[in-house]
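Remarks on the structure that follows.
Here the chain labels run A, B, C and D in written order, and each chain numbers its own residues starting at 1.
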C-alpha cells in the first residue's frame, strides 16, 4: 500500500495549494492513505473545524497537528467529535481529543496513525518515547495494524532521529514536522521503518517559516515584537513524502519526497 | 565563479569521505572556492590542527566551525596562526581566532567568508544580525569583495531564514549548518542571495546526528547520560551545496545540492 | 548616602502598596535616592506613562524595567521623553529609550543607574557583561559618579552572582530582579559592592509570581493556556532593599532587606 | 512535630558545616525529622555512598537530590540499597532508586518524603504535577501519612509556586531547591501547606552558586568553558528551614528560615 504525508499547511496560500493538489497527488501516486499536518492552516495559527472539513473533503484521511493545535480555541471543543483530527498524544491525561487512531485505508488496510510531540526546545509534555512505546505495544504492527504512521512534531534533529531508531521495525514510517523546512534525509532505516526528519511546510517559501518576513526579521534584530505574524501569500510549495509499504510486513519498501508548486525544486 | 560548501564533518567516517571526495568534486564541478565546516571532525568534537591541515591539503580553501569549535583545547592556540580556520565571528571581543576573512579564489576573485552563529536554542553570543551587518558594511559585495559566503551555524529554521532575508542582496550565499541534516529548500532569494537552511553533515546517516545511536537514544529515553557519544562508523554521505555566482554582480545564479556516498539519495 | 530599591511592582495591588509606602520608607530610612522596578505595574504587563508619573510623584527617582518593558505599546514612544524610565541597556543599538542615566540624589550626589538584563533562560540581548563593563568604564565610580546602582534583571542565580562578582568594587550595588521572589543572600561582596540576588516583587504573595494562581497552575498541569493572566488582588508585600553607601568611596557599608505589608515576614 | 530541611550541600565546605551543625540544630529546635538535599555534596557534583552515610550518621533521616543525582556514577548502583537516598520521582519508569518513601520520625510519626523535579529550564522528566498528584493520592495526608514533605527541585519561581498551590492542603510542606540561594518568601499557604521557594545551598556564598567564581564568571563573559568548576572553600552558610506541623492535621502551623555560619545574615 501507499502512504502520502503532507507537512504543516501554513495559511491561505498553503491551504489552497493543498486543496487543489491533493486529489491529483492521490491519483497520480495511487495513494491508499493520506495524512496532512494542519496545525498552521488557519492564518498560521491552528485549524478551524471548517478547514479540517475542507481537508477531509479534499482527500485527507487524517489531519495531524502539533504545538499550535489549540491556537483556535474552538479546537478544544470540536476535536472531541472529530476522530480524524489528532493532537499530540503526549499531552497530559484529560486533554481533549486523541493522539492516536486506527483508520481504514482505501485498500482495506487498518492504519494506525500516531501524532507525538518532541520535548527538546519545545513544551513540557509527557515523554514521547514512552508514549510511542505504549501505543506500539497496545497495537503492534501486523497483529493489530496493517500499517503504522507516526507524525513526530519536534524541533531537534537529534530527537527526531532518536525516535526513528527507537521504533525502527515497529512502525511503517516516522516523519518529522514543525521546522517548516523539508529535509533531504529520507531513508528506510535498517529495521524497515521509513524515516524523514521533516516533511517541510506547505506554504510560501519566500518567507520566514511561512510568515511574511518583515516582522520575524525585525524581532530577531530588535528583540521587540512590534506587530503580528502574517502568513506570506506567495505561491505555496506543497511538501510531503510518499511511502511504499510492504503489505506482508507493514514495513517500508521505499520513501520519496513529494514537492510541487512555489519556489522549491519539484520532486515527483 | 563557483562555490562548493560541505557541511559539518562528523568523525573519522565523515573525514575520510570528504578527503577522498573533495578533489573529485572540485574537478567535476569546476569549483573556484571550497569551504568546509569541520566543527565535528575530531571524533565528533572539534577539530585538531592536523585535521585542519589535512582538509586544506585536500582542497578546502577555508574551514568553518560552530558551537563545537573549542572542543579540542589546542584550537584556542593554533587558531591564531591558522587564518583559514574560522570560528563564529559573534563570539565576544577578545576571543582567539577570527570569524571573517578575505581569501583569493582559483579564478582570482576575492572571497569574503563569514562564520556566524545563531542564538535561538544556542549559546548567548553577540547578535549575529549586528555582526553580519557590520562585516557586510565594512567589506561590501563588489566594491570590496567579489563574492561573499556566509556559514550560518544555527538550530532554528526561523533564525536561519531571517538571516537569509536580512542579508539578501548583500552576499552571494548564506548556508546553514549545525542540525546535521540536509534541507531541501535551496533557492536564490529575491535579492540574489543563494540560500539553504542546512547543508547537512558529512557523516554516517545511520546514526543520531552522526553519533552511534545507542547512547543518544538512551539519553532521550532515560534522561541519564551513561556513556560517551561515539561517532558512527558506517559509510558517510558527503553533504553540501554548489553555487554558481555571477561574476558581474557577485550574486547567485543557481544553487544545487551535492550529496554523494552513504545512505542518502545522491544529488549530483 | 542611602539607596532604596524596590522590586517589580505587580498590578494594582503592588502599585497601591508602593505608592502608599514609599514616602514613608523614604522618610523612615532617610533615603537619598530611590529606584523602583516597574515592569509589571500595568496589570502585570509593562508600565504606562501615567503609572510612571505616579511613581515619580510618590518619590521614585528612577524607574527600571526588564523583559516586560514593551508590553504597553505606548512605552516605545513615551520612554523617549522620560529620561528617568530605564529599559535594559543591552537591547540592540537603536532601541528607544536608554538603559543608563546619571541623576542627582537628595544629598547632591550624582548617581549612575544601570538597568541590564541577563540572557540565561531569557531573551537574546547583547552581552550584559560587556554592557556593564562599557558603562562602568565610561562613568567610573568616584571619578564620574558618586554612587552606582545596577538593577540586573535575570532568571538564573548563577548569572546574577557572576555579574555581582564581575563588577565587585566598581559599583555601589547590584540587585537582581525578575523572579518576583525576594532572596535572603544580601551581602557586601569582598570588593565593596552590595549584592542581593533578587529584591522580590511588590505584589500579592498568595499567587504565582503575582498572578492569580488558577491560570498559571492550569498551564503547568495541562500545558494549554486557556485564559489570561490576571494580577492577584490580595494585599501586597512591598519588597526591596536599603543600602548604605560610604560617601568617601562610593562603595557599600551595609545592605538590608526591606519588606512590609501582605503575607511575607516583615523586615524593617 | 517539627521538620528540619537543609538545602543543597555544595562541596567540602558545605559538607563540613552541615556535619558539624546538624546535631546542634536537631537539638536546639527539637527536630523530629530532618531532610537534607545532598546533590552537590561530592565536590559540587553528586553524592557518594560514603558522604550519604556520613550525613545519615550526623542526623539526616532522608537525603534528597536533583538534577545532579547521577554525577557520581556509583549512585546508579548504591541508590538501590539505600532507601533513604531519594532521587526525583519523575524520572522515567525503570530509573534506579526511588523518589518517595515513608519513614518513621523521632516522635513515631510516619513521614512521607517526596523528591520531585521541575521542568521549566530543566531536564525533560515526566510531569511533576502528575507525579505529586499520584503519590499524594496513593498516600494521603493523615489517612496514610502523618506528615508529608516535598523537596521540589526546580529553577523557576513560577513552577515552584504553582506546585505549592497545586498541593496546598495535601502536604505539610513544599520547599524548593536548586537555585542555591535562599528565598525569603516562607509562608503557610491558605490551605495549610508550608512553602518556601528555595531553601538555599549549604556552601560558601562568596562564590557563584557555591563554585569558585573565576571559572563561572569567565564562562559568562567569554562563552568558552576553559576549566573545571571547583567548589569554593570559604566558610559555608548552612541554609534551611524549620517547620512546625500540627499533629492533629498534618498541616503546617509555622515555617521559619534557619541560617547559620558563613557570610549570610543568621536566622535562628
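The rule we apply is simple: contacts are C-beta pairs under 8 Å (C-beta built on N, C-alpha and C of every residue); 3 or more make two chains touch, one makes a residue touch a chain.
Keep in mind that what you see is a predicted model, and the values were worked out from it rather than measured.
J.: Counting one step per pair of touching chains, how far is subunit C from subunit A at the shortest?
T.: Steps on the shortest route: 1.
J.: Hey, what chains does subunit A share as contacts with subunit B?
T.: Shared contacts of subunit A and subunit B: C, D.
J.: Going by residue numbers, if over half of the contact pairs line up, that's a repeat, so tell me which of B-D, A-D or A-B repeats A-C.
T.: The chain pair with the recurring interface is B-D.
J.: How would you label the subunit B and subunit C contact, same or different, if same means the shared numbers make up over half of all numbers there?
T.: Both copies, subunit B as well as subunit C, present the same residues to each other, with over half of the numbers appearing on both sides.
J.: When contacts are scored as defined above, which chain pair ends up with more C-beta pairs, C-D or B-D?
T.: Higher contact count goes to C-D.
J.: Could you grab the centroid distance between subunit B and subunit D? Build each centroid from C-alpha atoms only and quote it in angstrom.
T.: 45
J.: Find the geometric centre of each of subunit C and subunit D from their Cα atoms only, then give the gap between the two centres in Å, rounded to an integer.
T.: Roughly 29 Å, centre to centre.
J.: Quick one: which residues in subunit C touch 2 or more of the other chains?
T.: Residues 92, 124, 127, 130, 221 of subunit C each touch two or more of the other chains.
J.: Classify the chain contact graph as line, ring, star, complete or other.
T.: complete
J.: In the complex, go through subunit A and note every residue touching subunit C.
T.: Those residues of subunit A that touch subunit C are 70, 76, 91-92, 94-95, 123-125, 221-226.
J.: Sort out for me which residues of subunit A touch subunit B in the complex.
T.: Spelled out, the residues of subunit A in touch with subunit B are 121, 127, 129-130, 155-159, 161-163, 165-166, 179-187, 189-190, 197-198, 200, 205-209, 213, 216-217, 220-221, 257, 259, 263-265, 267.
J.: Tell me, which parts of subunit A touch subunit D in their complex?
T.: Against subunit D, subunit A makes touches at 92-93, 119-120, 124, 126-127, 130.
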